[in-house]
Each structure stands twice: as structure tokens, then as C-alpha cells.
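Each in C-alpha cells, the structures are laid out below.
Here subunit A shows up in two complexes: once beside subunit B, once beside subunit C.
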Partner chain A sequence: MNTEIQTLGQKPVFKSTSWFLSRQTTKKRTWKGLKQIVSSEKSLPWSENVVHYSSINTPPSFLPPEKLSDLSGLSAPYTDPQTRLRFANKEEYTTMIDLPMDITAGYLALRGATSIVG
Partner chain B sequence: MEVLQFIDTKTVPDIVHTYSPELKKNAVPIIIDNGSYTCRVGWATSSEPLIQFRNLIAKPRRERLKKDTIEIPQTPQLQVGNDIVNIEAVRFQLKTQFDRNVVTHFEAQEHLLDYAFSHLGINTEDCVPHPILCTEAVLNPNTSRQLMSELLFECYNVAGICYGIDSIFGYHNYHKPMESALIVNLGYQYWYCCHIIPVLNNQTNFENTRRLNTGGFHIVNFLHRLLQLKYPVHATAITVSRAEELLHNVCRVAVDYREELKKWANAEFYENNVKKIQLPFTINTITSAVTLEQQKERKRELARRLIEINARKREERLAEDEEKIGQLLDIKEMIELGADRETIERTLTEFQIKNVLDLEKTIFTLNTKIEKTKQKILAASSNIDEMEEPQAKQSKFSKMAFESDKEMYVFVQNVRKLKQEILTKKMVRKQRKQDMAKRRTAAGQERMRIISQLARKEKGNDDFGMRDEDWDIYKTISKDGGDSDSEAENEKLLEFDEILRTHEPSELGDCSQPGEAHQLHIGVEMFRGPELIFKPYMIGSQEAGLSEVIAYVLSLFNPDDQLKLASNVVVTGGLADLPGLRDRLLTDLISVRPFKSTVNITIINNASLSSWYGARNFAQSAEFMDTLVTKKMYQEMGAEYFKVHKYSNPFNASPTSIAVEGDLCV
Partner chain C sequence: MGDWEPKSGRTLKRRRSSGGSTKEVAPKPIKAPAFRALVVDNGAYTIKVGFTTEEEPQVVPNCIMKAKSEKKRLFVGKQIEECRDCSGLYFLLPCEKGYITRWEVQKPVWDHVFSRSVCTIDENPVVITQPLFNFKSIQDCMDEVFFEEYEVSSLFRCTPTDLAYLNYAKHNKLTKSDACLVMDSGFSFTHIVPYVRGSKFLRGVRRVNVGGKLLTNHLKDIISYRQYNVMEETYVINQVKEDTGYVCADVKKELAEASKPFGSNSIVKNYVLPDFNVIRRGYIQETKPENPSEVEESYQVLRLNNERFVVPEILFHPSDIGMKSMGIAEAVVKSIMSTPKEHRQSLAKNIIMVGGNCKFPGFKERMYAELRSLLPDAWQLGLFQHADPITYPWKGGSALLRTHDFRNNLVSKQDYEELGSTLIQERFNNFMLDSRQLDQEDETGKHSTEFQYLSKLKSASIFGKQEVSAADSDIQIDSKAVETAALDKEDVGAEEAGQDAEGNKRGKSRNKALEETEVAADVEAESSEEDLTESPSLFPLGCASYL
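And now, the complex of A and B:
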């Protein structure tokens, strides 16, 4: 009870009292995430020519991705078969083999290459 | 080379502005540029937005109830917008009303609007009697808009609402807007994405608009993580806010990324162009030296105290023994003097002695004991001086005296050689270990051969291990190669280092500057970050990059319109002022356009505020009043209703209930 009175006291003067009171009593509301909103929007029977939020996503890239070194960002002709990290030259390789597991995994995660299939 | 510093700007809490009677009387519209990075709020009559704040709230977690306390835990203070002084301290409690670029969390939105309105100084009872012009995402889903209208009308009782798209406002603020343009909005206002919006004959073409779901947020996170991985030691010092600072102050867009990479591969170029940034650090090199000295001092002190304690104990024991022997001698004297038998026996039992013979024996042993203790005390007192001596000698590497420079040189060379030997040994071991781990190396195959040979031996007569040589086989096949880096070797290495340091301080590459270990070197990274919007595959996204999308959007039009659009490409948004961006876009665009066709790219000045200015200009115009949705209309037309104008999204009423019911009937 005590806390409720306290928060009531904090009500900014310009806020509607009825709204404020209703928010105090009703339990916490969960809000739909964007994914949910978009999927429910998609499921509606829109007429043909309507453009939605989800219909303006960019197309996938048609250009082949360049291979860049995970460590230095330089173009990387080599891949280490053990860690799957890409590297540009032998100096990088020597530093790379000393890297602990969590760092190599971090680099892979940054590139989004953690999936086994890819 | 100049070393840069992080500024670590702190937000200043906003003041509450005065709410003048004119504002109230004229019902001046309030302009809210509601971006997912910052929110800008101001009156339509003001020249600049009055308040700008990060669209964030920090909700500290309620303290867990302890079992024995009965009192109600205090609701922790909610921090909103610029109240958050140190954003890194509350990083994990931050909440925003946005999901990507769409407002979804309206509780947070309510807190942020409270913050905005109260800092504008509004003090009218139960209402905000002003029209609101609020920006929203391109093709904002109806659900989001509906909830926003609901919040503004039901909670704040606003006089009217008008929605518009930020980048279109920004474009129209541009001094000479043409009828057709290709607006490239590089998300910072909506910092999760970038938009490419074609405008033909003052009509926004939504059909061919495209949204790239990579934006400033991704660049900042990419930089943040990249530097953390590069400098794992400083992982905590590299914060998200600092990554943001890097993006704004250091990063640039490469005109030709590949060329740039080739340049950076050159060590000399790297040296000359790398940006060094100093992380805050505390000088502890000197203090550590002091503590080393202190440690020695402390050790010495401890040793001295121990010696003292021992000496005292010995003396006590000596005194005790002497007292006892005195008593025993008294008894002996008593016996010799011929005291009566009974008293003698009583005193003897008191001292736990059986008979006179025993008494003699005890006296003898005590005597020798006393003698020994006395000797020990003597030895100890002379020892104290001796103990001091080697202590002084302890710093044994304190530069030995050499007869000539040449001799010293030879000595140092020798030490260096020894050190190198150990290092090589270590390296060979490491190499072996690696070779063993792989299958196809010679070492690995040899190992497999031996193992299989051992396994082939018949059972029954297994005498492996009987001979000493068998152990050698174990050594060759064990993955460590029989021996590992020994403790003794490591100690030796440290010792050599110490010797080298005392004799040739420059040798070991000691940092000349104290903070050098706390510097971040930003080389390729300054291009690598912004490159992300051109190459989203760098973070594993499947999407096309910015230039590719621009080319794609252009390809959706007929050649005439393509020319119109390409000759007026306008870049807005917070990332638009990255150096090099214009040149990059220009080269990329020229490469996809027909030979010698007109291509023109403009970067809007003050790109991050332009949409607020544009919105303000619109609110001052005459047509603004016609685009307002009043509360009456809201109640009549439904919550998702809004009026379409030049700057707004298209209005498509959701075909919800009727259609769904129709489906159900069928």
C-alpha cells in the first residue's frame, strides 16, 4: 500500500488521472515484439498493392563475399583448418595459434560463422 | 605520433524549461523526433530542439527481499534519458521502447514522454494541450501507431497528432529540394537500419523503398567486440560508449576498401597512419618497485622478529632449567647433610624422582641441557650479524663489476645465448606438441605407427615395460613429447631476463612511456567498422550491402526515372557525416550507372538534426493544421487512423475484423 501511494504522488500533473489509475491497478502488460507484430500483420488479408514493413527488406546479396582476415581485416587467402579462422600471412598465423579458445570462438561469432553447416 | 584520448562525455541532466503563457495560449505544436538512438523534442516556434536525449531508460532491478527483513524494499529510482549520467554503469539495465526501428514497448515510451513533457515544463492539469508532430519508421506497422495514438490521446490528452517520416522531413529541410530524389538514410536516428527511399515528383515511392537492417548500432557493436578481442586485457575498459566515440571521431569510409587494405598491409604505412588511443591507466610501475623493496624489508623484519622470539624462548628455558637445577642441588645438599629420610622422600616425589641415583642422573642431564642452550644463545647472537650479511647481498644481479667493457659484453652475450637456448627448447617442444595433435604430420604418423606396433604384440607373452628402454617409447608417443616446460627452466629464464635488464636496460624493450601498454592501436579497424554497411556479410548477415541495394532500387525504375534519381542522391541520418562516405558512394554509383550519365550525391548538413528542423518547418506551415488527427477523429475513426500528407507513410486500414469474421463465416 505504502509504495502505491508513493508512486501515485509522482504522477506528472499533465497525465490523465484515469489512465494513471488504470495503469496502477492492472498488472504488468507484455508488449508484442517486432517479429510478432510483423508476422501478425503479414497474416492479415491485405489487398494486392499494399506495402508493409516486412516487404521492404533488402534482397540478399548477389556478390560473392570477400574473404577477410579475422584478426587484421586484411584480405585473407588462408583458413586455419583447426580454428576455422582466416588469416592473411604467416605473422598472423603465429599469433593466431597462440590465441585461447574463447578468443577464436569470439572472432568466429563476430563473423557469424559459428554454425557447423556454414 | 600523437596519442589520442577518450573524451568519455558525460550527459548533463536536462533543466526544466519554462512553460510560457504564450506557448500555452497559442497551443504551439510540439515536435518530437523520436529516433531509436536519440529523441529530440522542442516547440514549433523554437529554433533548436530544446531537449535531446538518448531514448533509453534504466530500470534498476528491485533488490531481492531478504528473509529476515520485514520492511518493504524501496522501489529503485528509474533513470530516464539524460538522467543517466554514467551509461556504462547501468548498461545491463537499459531499456528502450524500440524493437529495431519500431516502437513496441509502450511502457518505456510512456516514461520517455513523461520525461520530455515534464522537461518542457508543461503544468496543465490532466492534459498536454498541444498538437504533437511525431516521427515514425518508414512503413511503421499499424499496431505500433495505434498504440502510440492511444498513449498520446488517453494518457496525455493531446490536442492532435500528426505522423511523418524523419528522413523525408530531413530531405525537405535541405535548402533546395528537387521533385525527385533518392534519399539514403543512414540509420542513426533509427540506428538499427538504413533506408533507401526513392521520391519521384514529390511522391514517396514506398513500393520500391528498401530497408537495410544494418546500421550504426551494428557498427558500434562490431567495433566494440573487435577491439575487445584484439585487446582481451582491456576488455572491460573498452566500453560501448567508447566504441561510439571511435566511430564518430576516428572512423572513416574507405573509397576503395581493397586498395586501402593493400596499403595497410605495408608495415611502414601502418606505422605512419595508425591511430593510437590512450586508455586511462594508473601508473603502477613505480609503486610495484617500491613494494618490491617493501616486501624485502618486511621479510627481513619478520626474520628479525622470529629470531627474537626464539632467543626469548631459549632464555626462558634456560632460566627455568637453572631454577630447577638449583632446587635439585639443594635437595642433594640436604641429603648430604643427612636430613631425615621421610622429608627427603617427600621432596623427591614432589620432583617426580624415584631415588637418589635418579636425582644424580637428572642433575647431570639438566646440566648438559643448560650447557647446550647457552651454546645456542651464543651461536644465535653471532648469527644475527651473519644473517644481515647475505640479506644485503640478496640483490645479486645488481650489476656486477667487470674489469673491462669487453668482458661485460662477453658475459651478456653468454647469458643471452643461454636464454635463447631455453627459448628454442621451448619452441621445439611447442612445435612437437602441435605436430602431434595433427594427424598428417610426420611426427603424428610416427606416433601412430608405434602405437599400432605395440598393439599388435601377441597377448600372453607381454613383457613390455620390463626393460628400461620401454620407457623411451612412452616418452616418444606421449603428446607432451616426454618433457614439458619445467619450473626450473622458467625460473632460469626469469633470472636471465633480470641479468639482462640490469646490464642492458634497453635490451628487453621496456616501455619507455608508462601507458604504452594501455594504448589501443586503430589501424584497419577505422575502415573496417563503417565498411560493415557496405558488407553486411562481415557480421554474417545475408543482406546486400548499401551500394548493392542502391543499385537494386535504381534497377526497379525505367531509365528516365533512374537518371532523375541518380542525379539527386541525398544522404541523411547520423552516419552521413562519416568522412569519405560521399566519395565512396559516388564511385560505387558511377560503377553501376551507364557511361557518362549524370550522378550527383549530396550529404545534408547537420544530418542528425535536419529531420527535426524539417518537421518544425512543416509544423509552422499552413497545411499542418489540416493533417492533425483530433481526439474526436480518433474516437470515431479508430486508433490506427491518421492523415496522409507529403511527409507521411501511406495509410492502409488494417482489414482485420471484417475479413476475419468473413473467413470464419465461410
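And now, the complex of A and C:
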């Protein structure tokens, strides 16, 4: 029996040039999400010299972000102090002041300016 | 196929890596490349697949799609070509930020790719790419899928940047002394990898979490706020991005131009959206027709103005959308500056840009302008971008087969069964990495000498003042070289010299010993060679497999 398997090992007979359907597994496997994988990797005791996933992230930039109008995307010199939205001219301002709260919040989220501090 | 043994060839490889010869790939041709391999560049958005003997790969979308028009059916990979109505296409992507996490999606796509409709594996070895620093659990899973489900005869994994580098080195006949920097700006992220002395310089690797996916999503968001709600139309908006997006030379100037009224504005474009009835794919409407026919009037038109260049601009300034990260140009400079001083100029001369984002018009020019302003004036700057940056890494597959140690690194199914995944993953992950160990040794050696050097500062009179200051400044590598040279020459009886020389000797003797034992060398021996990080108590799962 054993020897037979070994001779078969040289060139598996189950291989045909055409595709065969790989075996179906019925059991449902759940996979870890990326966040779980990253956090479990972070918790490993890395020594100082080792480079890994989290250590190759780029640091923040020195350059200031461009100030763009939230409504039109044009260069925006003004900021509305109430909603913190940026606008380029007075026409934009007139439409802006009528916007409901949820829309202004959406605009801010779009450019990632939701934090109160920033 | 069966004419080569995976282990017998190790001799060649060992001698090469330990001998530290600067010669590139063996001058004598290693057998005719009679054997071909299936190269799979497994990108997060498209899989580039084909045999090394072929000229061009096939590009298959790496996703499963659901169309609104055909609710019953799933479209896997290339099958999307059969779909008539691509509106409201819903994507199931196997990757999360570039790392495969949804295997229930990836598996059917691979089934499709390796089926007869695209490319069968048969008995050929498989080379598949993975992102840099791929996680151990993902690699385990890949091993399992390929060896146990597909039962491939042999497998090799490397990063797409390796392939791009090899391709570039082959075409330009680079030697190992030429350093090279690969920037891979893909769907999920942008990796910047310096190659020094023919292998990756890990401490210089940088990742910017901006890729094509983020750009498409952002465009989708801003169009939804400004014009139509297109939140469901990822597929169409991705085409809009590809067709109209460009990278501008100067944002300020471009913004001023964009604020002009419609008639006198050279940027604004009307994009006719596809209706999947008459128009299969959207296009830019060149001029507004004088007397539009009824059909033409019914077209839905998207007006794009500053969106065209503001979106690709995120690559260069992720802070525009509140990301706390530097742009790709800055990151390239950062990466260059983190390498040893003697390689920096060479790196700046050989910058290879691959990945779909490079296809934006003006990308290369902008990159050049930014880098030119950030790098020293006297340095030569050379950017290389192939006409098709997406398939460029794939084309490096044939160059990979010709590298001297490829066959030794190839893992056969037998190896997998005997050694288990941890050991074979080390083989994959240490590919093009041999100088990493050297560098780490350098560094530890440097630390110890520096420490002793300071403690003996009063008694050691051979060290001049200049050298102290040199050691303090950031050019540590140079100073170290000076130190060792001085120590070796003058042969001071001090402990430092002894230790240093001993260190050197140890290194040499280790190399010799390796050469001697290499015929019998086992893979186990190979894995147990190196430093601290190999110790099982510290790294129960093996540290190199994370790299």
C-alpha cells in the first residue's frame, strides 16, 4: 500500500490537464478581519530593530493642507465660523447658510475635519 | 519538470550570498529556460496572470460583482464582460486594505482564474505576489489554498516590487552596486521600497495609505454632494476617474484656472455618463453640439471641473482630506534619506514607478518636479515609468526565473508537507533580503563599539577630536567604517579592537563554515543561523514570516 502511494507521488494521477473542481468544504469558516490581524501583530514582542507592518507608516506631512471650498472645491480664503465650512465667494455663502446641520456635518466629514480640535 | 531537485542546488545559492560577490546573476546561463511558470500578480483590484513564456498577462478583476439588472447571477472576475448593464454594480472585494481577509471571495475568484476560462496551472510552478509585510495568518492560508486545494507542484511568493525591480535591473543591466527605489502605487496603498545591493532595505520601506480605491471613493463622495447621487456607481465613477483625472503641475495655478467661468475655462469638461443601452462606456464630450438631436439631449452629463485634478492630488497631499500622512513624493525622499549615505544618490537615479495610479497624465512630471525640489541639487534624478505600469511587475516574472537562486527558493509540495508553513514562509520572505541580516549585524556591532568607545574616551588617545564629532553626527555608517579601519590598522590592544576584529572574524568564519556545510545544509540549519529575533521564546511564530 505504502509503496504504491510513493510511486504515485511522482506524478499524481488525479491531475488532468483540465480543471477539476476543488473539494467543497461545507463547514463555514470565519476569518479574522484586518483590524484583528493588525492588533494581534502589534501585541507581539517586537525588538527595536525589526520592521513590520505598523512601523512603515509614513509620518504626518510638514506641508499645510490646501484650503478648498467645501461646496465647489475651488480655492477658499474664507471660513464660516459657525459651521466651519470653507467658501470661495459670497454666492457660496448665501447657499451655505441655508444648509441644514446634517449636510454641513457631511461636508466636514468629507474632508476629514470632524474633530473639534482641528 | 522533474529534472531538478530543490535541495541539490543550494550550493550555488549559498556561495553566492555568503561570498558577497557584487556580480549580478550568474554569467553562464543556467540551463535553457525550458521551464515555465505561472506568474500571478495578485493585486487587490486586478489579478495579472499568465505564463512566463507569454508576452502580456491577462488582467482579471479580483472581485465578485453583483449587477442590478441580473439579480440571480454573480459575476466572477472576467465574467463581467458578459454583463450588459453595469449600473449599480456591487463589488465584493477579497482584500481589506490590500491584505486578503475575505477568503470566501478570494477563493471563487482564484477558481475562476485557474479554470480553463483564464489560465490553468497544470504542473507548472506558481509564482504569486503578496504585499510587503504580509501577515503570517494570511500566508498560512495562502499556502493551504495552493498546496492543498489546488495541489500545485511548487510555489513561490514575492512582492510585486521585487518583480518590478528585477525587470528593471534586467532591462538596464544594473549590477548589484546600483541601488534602486521602487514606488508601487496601487489600489489599496502606495509602497516605497529601496533596493540596496540587490535586496530590500527594510528600514527604508514606507507605506502611504492612499491608493486608487480611496481616490475613486472620494470622487464618488464629492460628486454625490455636488451633482448626482452616485454612491452606488463605483464602477462608473472609477471609469470617470480614469478618463478625466490628471495630475496638475501647480495646484494654485490650476485652481485659479478652474474658478473661471465655463466659457473661458480650459479645465471643465462634460462627461457623458453611460446608459448601458447605447453608450457602453462614458466619454468626454468634446464640444457642445450646436443642434443636439433628441437622443443626445437625453444623455446624462456630468460636469467635472476642479474634481479632475483635486482627486489625484490626494496622492501628493493626503492631508487635504484630513489624513495624517505625508504625500508620496515626500515619502520617497524620506525613504531615500533613511538608507546608508553612499547609496542615496544611486537611489535617486533609479526610481521605478509602477501601479495603476501612475497612469494619471502628468503624474511623472509632477513627481519629478516635487522630487527635484526636495532632493539636493547636485544629485541626478531619474524616474522610470513603463508605458503600462500595471503589468510591469508581472513582466518581471521571467526575470525572476533567471535569478540564480530561484529554483532553490521554490517550494515544492513535498517541502510543504515535510517542513510546514513556517519554514517555507521564511524562505519566501527572506528572498532578496540577505543584506538585511548584514545590516542588522552592522547596527548591533556599531552600538556596542560606540558604547565602549565612549567609556574609554579618556584613555584612548588615538581617537582625534574630529572623529568624536563625526560619531555624533548622523553619518554613523561612515564613522563606523573609519573606526574599524583605524582599529584594524593600528592594532591597538584595546578591547574594542579585539572585539571588533573578533566580530569580523566570527562573521567570516561563519560564512566559511556555511560554505563547507552547505552541501549537507538543511533548511532547518538555514533558519537557525541568525540573530535574536529567531529565538523561539521571543517569537513563537517566527519573526521573519511577518516581514
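Here, the second predicted complex is superposed on the first by the 81 of 118 C-alpha atoms of A that agree within 3 Å, B and C clash if a C-alpha of one lies under 4 Å from a C-alpha of the other, contacts with A are read in each partner's own complex, and residues count from 1 in each chain.
Going forward, contacts are C-beta pairs under 8 Å (C-beta built on N, C-alpha and C of every residue); 3 or more make two chains touch, one makes a residue touch a chain.
Computed from a prediction, not measured in an experiment: that's the story for all the values here.
Of the two partner chains placed by the overlay, only subunit B lies in contact with A:Ile97; subunit C stays clear of it. Common to the subunit B-facing and subunit C-facing surfaces of subunit A are residues 12, 14-15, 17, 19, 29, 31-34, 37-38, 41, 44-47, 49-53, 56-63, 65-66, 68, 71-75, 88, 106-107, 110-113. Considering their complex, residues 2-3, 6-7, 12-17, 19-20, 29, 31-35, 37-38, 40-41, 44-47, 49-53, 55-63, 65-66, 68, 71-75, 82, 88-89, 97, 103, 106-107, 110-113 of subunit A touch subunit B. Against subunit A, the residues of subunit C that register as touching in their complex are 2, 96-97, 99, 101-104, 111, 114-116, 120, 122-123, 132-133, 135-138, 141, 149-151, 202-203, 205-209, 218, 221-222, 225-226, 251-252, 255-256, 258-259, 305-307, 310, 313, 317-327, 330-331, 334, 414, 440, 443-444, 532-533, 538-539, 541, 543, 546-547. Across the interface of their complex, subunit A is touched by residues 72, 74-75, 99-100, 102, 104-107, 114, 117-118, 122-128, 137-144, 154-157, 206-207, 209-213, 222, 225-226, 228-230, 232, 258, 261, 264-265, 434, 438, 523-525, 527-528, 535-545, 548-549, 552, 650, 652, 654-656, 659, 663 of subunit B. Residues 9-10, 12, 14-15, 17-19, 22-23, 29, 31-34, 37-38, 41, 44-47, 49-53, 56-66, 68, 71-75, 88, 106-107, 110-114, 118 of subunit A are the ones touching subunit C in the complex.
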